[in-house]
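Shared chain: chain A. Partners: chain B in the first complex, chain C in the second.
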Partner chain A sequence: MLKKRLIACLLLKDGQLVESIGFSRFLVVGNAIMAVKHFNAWGVDEIIFLDINREKNYDFERNDVYYDNTLKEFAEVIRYVSKSSFVPITAGGGIRSLDDIRKYLSAGADKVSINSAAIENLQIITEGAKRFGKQCLVVSVDAKKMPDGTHHVMKNFGKEDTGMNVVEWAKKAEEAGAGEIFLTSVDMDGSLQGYDIPLIKSVVEAVNIPVIASGGVGDWNHLVEGIELGGVAAVSVGNKFHFTEHSTMHAKKYMKEHGIDTR
Partner chain B sequence: MFNFRGKAYLTLMTFCIKIIFRKQINYHVFFMIAIINYKMGNLQSVGNLLEYLGEEYVITDKKEEIAGADKIILPGVGAFTEAMKNLRELDLLDILKEEVLEKKKPFLGICLGMQILAEKGYEGGECDGLGFLKGEVRHFDLKDKKLPIPHVGWNTVKPKEGSILYGNDVRERVFYFVHSYHLICKDEEDVSGYADYGGNFVASVEKGNIFATQFHPEKSQDDGIEVFKNFLAYKSA
Partner chain C sequence: MKWCAKCLYPESSAVKLSFDEKGVCSGCSVNEQKAEIDWDKRAEMLKEIVETYRSKDGSNYDCIIPVSGGKDSHYQTYYMTKKLGLKPLLVTYHGNNYLEVGEENLKNMRNVFDVDHMIFSPSVEVLKKLNRICFKLMGDMNWHAHAGIFSTPVQVAVKFNIPLIIWGEHGRLDLGGQYSLNDLVEMTARDILEHCKRGYDWDSMTDEGLKKLGRPELSEGLTARDLFCYKYPDMRDIARVGVRGLYLGNYISWDANKQTKFVIDNYNFKISEQSFDRTYRKMSNLDDMHENGIHDYLKYIKFGYGRATDHASKDIRLGIMTREEGIEMVKKYDHVKPRDLYRWLEYVGMKEEEFDRVCDTFRDPKVWRKNDKGEWEKDNMWDDKK
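Then we have the complex of A and B:
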């Protein structure tokens, strides 16, 4: 049977790996390329690379890090890390056109994650699915809880409320040709309090494509909750992974011990 | 003085000729594996793995280079019809048939590269495949409607006994899959491994010098690297 996936989500800001708290505060945690090498050695199932650079001024020129620091563009980073990664890589952040998709795919990414561009024009998903196949299109959804208990889709780095209901949007994205949905809770991001289970559950029940839960893991038990209570196909961890040695191994061991079929 | 200059020019020229000459030799002798570029999907990741294993390769759509290589890899992500159209436009159908079926060069198809070996596919309309294998490619028709399609993620493969790709080891392995269509083989002997997603489906095939996998060995870490090593070690009879 299909295994549940454990995904490492790496955020890149100004060329540095960062931890994100509530989509607004960022803490530099280190070097993306070393992180990819470690995650590979520790048996992670997939890596999601998100470029959250808002100004698009790349500065990889740090001389205290041990890698090629002449990289100037996110696609180059992808090209570089894909050489030492033999698990699937998803690239995302700032994808606006089919040319952007092609650029990342040819740089060595296996999938691309699209957020704002899909909200503005769903055509990019339909066209992208036709040209590159729907398996490589991940629609990333940032959800925020509203006072009435429903969740709205946020855009522009979780700042702007689009007024769309998350479940409706997920269905629309699936129809347009999305292959997976990467669902992040803006409220739980960086909280270490666990996934937003009701949110995840409502989306998983509405669509027939794999859903990846993201945002809020502070304890390996949250992974088990996400899969058992939320019903997702994959769980993604960001911050928590950066501060633990052999993190993915521990996470998988814990998941296995709690009856979840992982690799 | 003149003499010295003349000598210097001569050395320089010989050096240049040597470089060009050696390049030409390199071109035909030293690369071993041709990865066929037919504009379908992520070719570089296969190249990255070969590089990691220390193999020489070339990503190409040129007939001479395919003919010059001693192993051929056909990767691919995308739609069946589009893939066949691209191969036809690049005029690679005949050379593939000649190298694989007649010259019996070791051949590895990955994902879509396995599916188009079939006689017929139905993705993006009915379409004829390469026909190296008897069978056709159909969309998943699952009884359990709750199972998501595409089939994405890591799944267990049960190899058959005597399979070369798995090194004649029937230990269960885990590989990375991503597909919505699957191959249905007419000849049971061609199948070398099954995986289970709402019922068994063909995960890999072997027929003489033709090997193919539905999963992506280049994305399956250690188990995938082993499959590649076994393929690279294979020499056709």
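Then we have the complex of A and C:
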């Protein structure tokens, strides 16, 4: 059995690290580079960096602080962070082409996460897998619960319903050459109420590639639930890791104490 | 420039804001959560947490309360001693800028609360040097205070083996909505380093540190042994002791005006008889005459707003001031160059011309521009209504 992974998911909006609530409200937590330094020191297994900027506004330069807040592009952030990171980094947000994939990988990302571009044309996954290897291709899926209990794939930052069933979509992504599925519940995002277990279970049972659960962690027990009830290979935490001291260490410890085989 | 539709914060706010579709800032939306929260449940949660930290055999203090002696300090200490029955150790970083009434309030605490109080007073020589260095380096002569206030109590926690620290409000959560009230955010070294200390740590202030920053001309001869009290404890020590800092503002419905009245009426807290130059409030920042003065004037120089905007925004959110009344306060106070400047210039031995010159290096070009006459100009929220 592979060891279960604990992942920190960092959202960058307009160049600032944000907390996301239901894909619609954002609170500015601070500087991404400062965060990565601390997560590194605290022993998280991987970091997923997602650029969710809407306005391409990176104008937040200040000359009264001492941390690098002058990086104007997401690829620059990745390059900067990957130099000091001890753990694998996945970069995502705005990837439209093979050239974009190459840009992030050459900036130092170990994997890339692709969402909208795959929905529009799955070729990018097939071609990307051929070119760069499937191990570095993560397909990110934003899922919303429908009244009948199934889930639809959402696009445009969780706002637009594609009408596609999440389970069917995950299977297609796997066939096309995805190495992993990063599965986020739009409904649970920022709720602190736990993962959408039926959602992640349905995808885990349908595909053979690793699934990463995302969206809703408010308690370390939710991580255990994600793995034991949902069956995922990895659990991701966004907001919650920002709230307490040595958060990732405490989360890992909690998982170990509850019988999860972690690194 | 854009301003919040509800309070008075500009988008250039030092605490980064986000705005919703209606143009309301994250600070307002987080404050609106107060009405929806079950505060009785929160108070219960706090009670449960502190019980696990209460000294079992009575051989040690139950918690540390970092205090400046101000209104919040009084209320925190009231709450922990009278409501929860804890034995706290009060810890103060004394930055040598107290107003007389602030100093009286500080001394008042051990009289009215039956508590032990440790006051850490760093060398005045070191303070003067830090004032000068940090003013020129980051436009903030009060870096020493931010660093000291957030380091000394944590050092005491480690050295005395008292894991629980009770802070007041989380300032940036309240002002700008850095976190939600549902997050129950706690003290973290990262938050303190990045936001309280502006990313500068104690070791930036030595000659060697300044050389590394490329600013050797600011050197004042400081070495590591001058800066003990600005050193946040090592991560391993924090983990060994299990230091945990809670913000009381996450567990009680914080209302500074009501709480101030309460500690005035019951615990001999005194507000300033003299008004400040830069705000109408007389109950805040009595521990540091520059905090509401030139330190805050620098905020105006940098970001185009000051303490009157902060205070009026708080009061608008609490529903005790209208936005129009708030705007009048901003018009009246935000731009004022305060009188405490002259104490400071004498204290650190600087000329006003030099002060102004350094100030100008920190003006945010997104806020300020020079007009035809060569004067600094910026947009104001009342411009549209002309």
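Definition applied: the second predicted complex is superposed on the first by the 257 of 263 C-alpha atoms of A that agree within 3 Å, B and C clash if a C-alpha of one lies under 4 Å from a C-alpha of the other, contacts with A are read in each partner's own complex, and residues count from 1 in each chain.
The rule is simple: a contact is a pair of C-beta atoms (placed from the backbone, for glycine too) under 8 Å apart; a residue touches a chain by one contact, two chains touch by 3 or more.
Predicted model only: the values in this text are computed from it and were never measured.
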For this session: Using the overlay on chain A, decide if chain B and chain C clash or can fit next to each other.
Result: fit
Exercise. Looking at the overlay, what does A:Leu192 touch: chain B (first), chain C (second), both, or neither?
Worked result: second
For this session: Using the superposition on chain A described above, determine whether A:Val18 touches chain B (first), chain C (second), both, or neither.
Result: second
For this session: Based on the superposed arrangement, let me know which partner A:His38 touches: chain B (first), chain C (second), both, or neither?
Result: second
For this session: Once the structures are superposed on A, label A:Leu27 by its partner contacts, choosing first (chain B), second (chain C), both or neither.
Result: second
Exercise. In the superposed arrangement, which partner chain does A:Glu245 touch: chain B (first), chain C (second), both, or neither?
Worked result: second
For this session: Superposed on chain A, how close does chain B come to chain C by Cα atoms? Whole Å, please.
Result: 16
Seminar exercise, completed: Seen from chain A, its contact residues with chain B in the complex are 1-5, 40, 43, 45, 79, 82-84, 86-88, 105-110, 132-136, 179-180, 208-210, 233-234, 263
For this session: Would you pull the chain C residues touching chain A in the complex into a rising list?
Result: 16-18, 20, 26, 29-30, 138-140, 176-180, 182-191, 193-195, 198-200, 204, 213, 235, 238-239, 243-245, 302, 361-362, 364, 366
For this session: In the complex, go through chain A and note every residue touching chain C.
Result: 13, 16, 18-19, 21, 25-31, 34-35, 37-38, 41, 59-60, 62-67, 192, 239-240, 242-246, 249
Exercise. Can you name the residues of chain B that touch chain A in the complex?
Worked result: 41-42, 44-45, 48-49, 51-52, 77-79, 145-146, 148-156, 174, 176, 178-180, 196-197, 216, 218-221, 224-225
